[in-house]
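The following blocks contain the structures, represented as structure tokens.
Consider the two complexes below, in which chain A is the common component and chain B and chain C are the respective partners.
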Partner chain A sequence: MSKKTINIPLGSQHISLLEPVRFKFECENEKIITVDSDVGFVHRGIERACTTKFKFDAIGYVVARVCGLCAITHSLSYTAAIEKLLGGEITAKSKYLRILLLELDRIHSHMLCLSHTCENAGFEAMFMRIMGDRELVMEIQELLTGNRIQFDYISIGGVNRDISSEISKKIIANLYEVKQRALGYMDEFTNNWSLSLKFKGIGALSLDDAYMLNAIGPLARASGLNIDVRNEIEYLPFDEVGFKMQTHRDGDINARNLVRLNEIINSIEMCNNILEGLPEGAIFTKLKGKPKGEAVIRFEAPRGELMYYVKGNGTAMLERVRIKTPTFSCIPAFSHIFVGENYADAPAILASFDPCLSCTAK
Partner chain B sequence: MFNLKKYRKKSPWILHYNAGSCNGCDIEILASLAPKYDLERFGVVNTGNPKQSDIFLVTGPVTLRSRERLVELYMQMPEPKVVVAVGSCSCTGGVFRDMYNVEDGVDRYIPVDVYIPGCAVSPELIIDGLVQGLEILEQKTKEMEKPLKLFKESTCEEGIVNRRDTALKVGKIDEKN
Partner chain C sequence: MKKIKVSLEDITNEIQGFYDYKKWHFLTLNGLALEDNKLEVQWIFSKYEALDEIVIYYAEIEYKDIIASIVDIIPSAIISQRELVDMFGVQVEGSSKGLYLDEDSLQAPLSGCSI
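Right, the complex of A and B next:
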């Protein structure tokens, strides 16, 4: 065996990638030795445009276009920051409706990630099954907000649409279906021989490494690290609606999948609790004034912690909007996991991170 | 005999490139390939290989770094090919119009045959657009089959032979005369 290494590029356009990212793997035989990643293909300049092109009340809809998958978390974080600066209080009902949509978004995002992992492991049938079931969630999102992906549901001071009793009945019925399917997947992911061949013990991240490399989101929780922003913040009453932390010990692809599945089930419980005890009242309060001062807001996006920093100077234009996205914080951990794995597993490992490059590049 | 041209319309292969979109439209393309909308009933297969594709789905407003790849992918696809711009931001720039790292729309770089508006586009619209794209693909296939005919002598100036406009498709010559 020779000691020569070869360079294999993956991307920027590749069948297993939804988005353009380029990895350069240096391989010795089958093993990956070093990884070089390049994530900036989709940089658009949204942060800059937020301070020069748009007034502060429109930016909630612009930052949603940072990422289509966690659109709701982006607009929610921005809106929460502005509400903090304006100093108003929003109604309890709108708070619960916000959590409802946040959790629905998490369910569909996790299902997409699971199906994508299966596809990249070569299990096309599972991909189709999960994508088919995901439509149940998309349906209720469309009923609730009027659009399937970019909801534009949250506005400064509340939410844009009220919920009716028929809609909430439909949501409960569909979520019941989804829960049954998710329990079925749980069985499949733990017991199916061909899936475990591709997933178990591959792409593992130990607890110490997760802590050292600053991993967040499902990636860290799969390694046993107890971090979830929903546990730490008070703007939205997550503990009231039954949030439970989901962790796993193994840290491999299988553990990440199981953490995601458990989170889906937990989110469904939260949605049901919200719909059962939804308070009466208005969904919108008008907040007056212009933002002045600085605010930092964190939320748990489907992929981990999302941070917004907003600085206003009392005019309609903001001075600075800074977005720190989950995938960006996870890149050191990503690169660490790839080293020592087989090249053939690279697409499956990559999909199990659930990277969101349009978030990262903004 | 096996006739490739006849079956191309029955099973178009698509290539998908994300030129800086927000992922919203990419997810909808995936969703329209999945069981509920089932684009695969038209024989559509999602490939990652430009050399085997007939239809090019582009999402996103073309960022400065992705434009070379966009043009390169377009050049690598064999004729006949159809370009479908998916989403408001790939049609006109949409919400990203005039941002500093964005070229407003795909049609600044490559010719677009079908525009699908919407932010995010619904899978129904994607299916509609692709079916329109199939018709255009068939037309283009027919157009390619027409023979070329010389109808003008090439000119020679200072030793440089100029053959510009000497050959035209058969139908077009009839229009000219």
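Right, the complex of A and C next:
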């Protein structure tokens, strides 16, 4: 006897994720057996705008608008590509300040994801607690850049604002608080039933499948795949500031939560190391010329590898700006993970992916 | 960054011979509009745990050409192939339109020719 199947959509608007993505599940009773996805609800044509509307020295600020949360990684990736084409070297101080912002961005983005995971587990109090604690990081970002999110901090040749000793002290004090609270979350995410046992074995991705599906970011590292762009680039000195790759073996929701928590703690250590050993000197180097040639640059955004391909022809207008975002790359892995899971777990699984549709529909 | 030129006919064989899924990470497909209504299609890879080791296979094609799919070799490439179809208006085997752009959107916005 053939089994009856029903189609159940998740999105394009759904309470578990306030971004426009739609997964269409074909279910046999409660079990998901096939998945189709649609990510194209808000395509904004930014790649085309970069080659038709803006000169190369303005595009760093345009691509920062691809995503509010990881604006820093977008503007940094683009800027690094242009610096590579112009052949200039930036100062050590500006490199360290760029890492500082990258890691602050990772901390607050991971906190946002963890809070949503709590919300999907019905643990509203923990959701509110993490969102409240996240303000400590948002406050630092505003002090350092002028904005809570979507900051225009990076420019071709360096960064736009120097750091004062008062701001440095405030960052250290706030990050100390965040670290204490993150250690408290670790206890909750390890021992609280709603956040640990409930998610163990749910939404799992095996290491072999992570390789096969080219998974990246915390999703891949939670399955034991050693992929973190911070470990694969020389452009910024991550090895000098205490970067340690965080992995797990289980590949499930719980493993993804724990990887993000460990990354928060490692990022705080990196920020402290930067502030302790921040070099003296200028924060900006004037680079001359127009970009000519092609460059591929990658950085580790909070959700994984972000890639920019830039081609210039020696004029102020570029020939091509290609943006490959982390969530977009992970969609095949997302779809694979859903298969075989219960529909009731789909919102929690989706939240554990920490998808960013603003990046995806760039 | 290493660029390797291939013909459109050879691309699947070349990638089949090169790609070891535990050594190489498939980054994405990229399109680059060229003059004379031509398109450069790039298959971009990076090596796991190696410093800045990027390999790009590329082929110059005409917009009317049908691009071979590499999904049998790299299943996750389907998403990039569908993006290429939408953005450049080309045909890739087994890759349907409509991932990014709806029917009433501007079609093939990155194409260098009128379609």
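We adopt the following convention: the second predicted complex is superposed on the first by the 359 of 362 C-alpha atoms of A that agree within 3 Å, B and C clash if a C-alpha of one lies under 4 Å from a C-alpha of the other, contacts with A are read in each partner's own complex, and residues count from 1 in each chain.
Just so it is clear, a contact is a pair of C-beta atoms (placed from the backbone, for glycine too) under 8 Å apart; a residue touches a chain by one contact, two chains touch by 3 or more.
Because the structure is predicted, anything quoted here is derived from the model rather than measured.
Superposition of the two complexes onto chain A shows chain B and chain C fitting side by side, with no clash.
In the superposed model, A:Glu319 lies in contact with chain C only, and not with chain B.
By the document's definition of touching, of the two partners only chain C reaches A:Ile331; chain B does not. In the superposition on chain A, A:Gly40 makes contact with both chain B and chain C. Computed from Cα centres after superposition, the angle at chain A between chain B and chain C reads 100 degrees (steps of 10). In the overlay built on the shared chain, the residue A:Val310 is in contact with neither chain B nor chain C. Contact with chain C, but none with chain B, is seen for A:Glu232 once the two complexes are overlaid on the shared chain. In the superposed model, A:Arg48 makes contact with both chain B and chain C.
In the superposition on chain A, A:Ser358 makes contact with chain B only, while chain C stays out of contact range. The least CA distance from chain B to chain C in the superposed model is 6 Å. Taken together, the two complexes place residues 40, 43, 45, 48 of chain A in contact with chain B and also with chain C.
Those residues of chain A whose C-beta lies close enough to touch chain C in the complex are 38-40, 43, 45, 47-48, 211-214, 216, 226-227, 231-235, 294-296, 298, 305, 307, 309, 311, 319-320, 322, 324, 328-329, 331-333, 361. By the touch criterion stated above, chain C contacts chain A in their complex at residues 1, 21-22, 25-28, 30, 32-33, 42, 44, 46, 48-54, 56, 74-76, 78-79, 83, 86-87, 98-102, 105-106, 109-110. Contact residues of chain B toward chain A in the complex are 17-28, 30-31, 33-36, 46-49, 60-61, 63, 65-66, 69, 73, 89, 95-96, 98-102, 119-120, 122. For chain A in complex with chain B, the touching residues are 12-16, 18-20, 40-46, 48-49, 53, 61-62, 65-69, 71, 112, 127-129, 131-132, 134-135, 138, 147-150, 356, 358.
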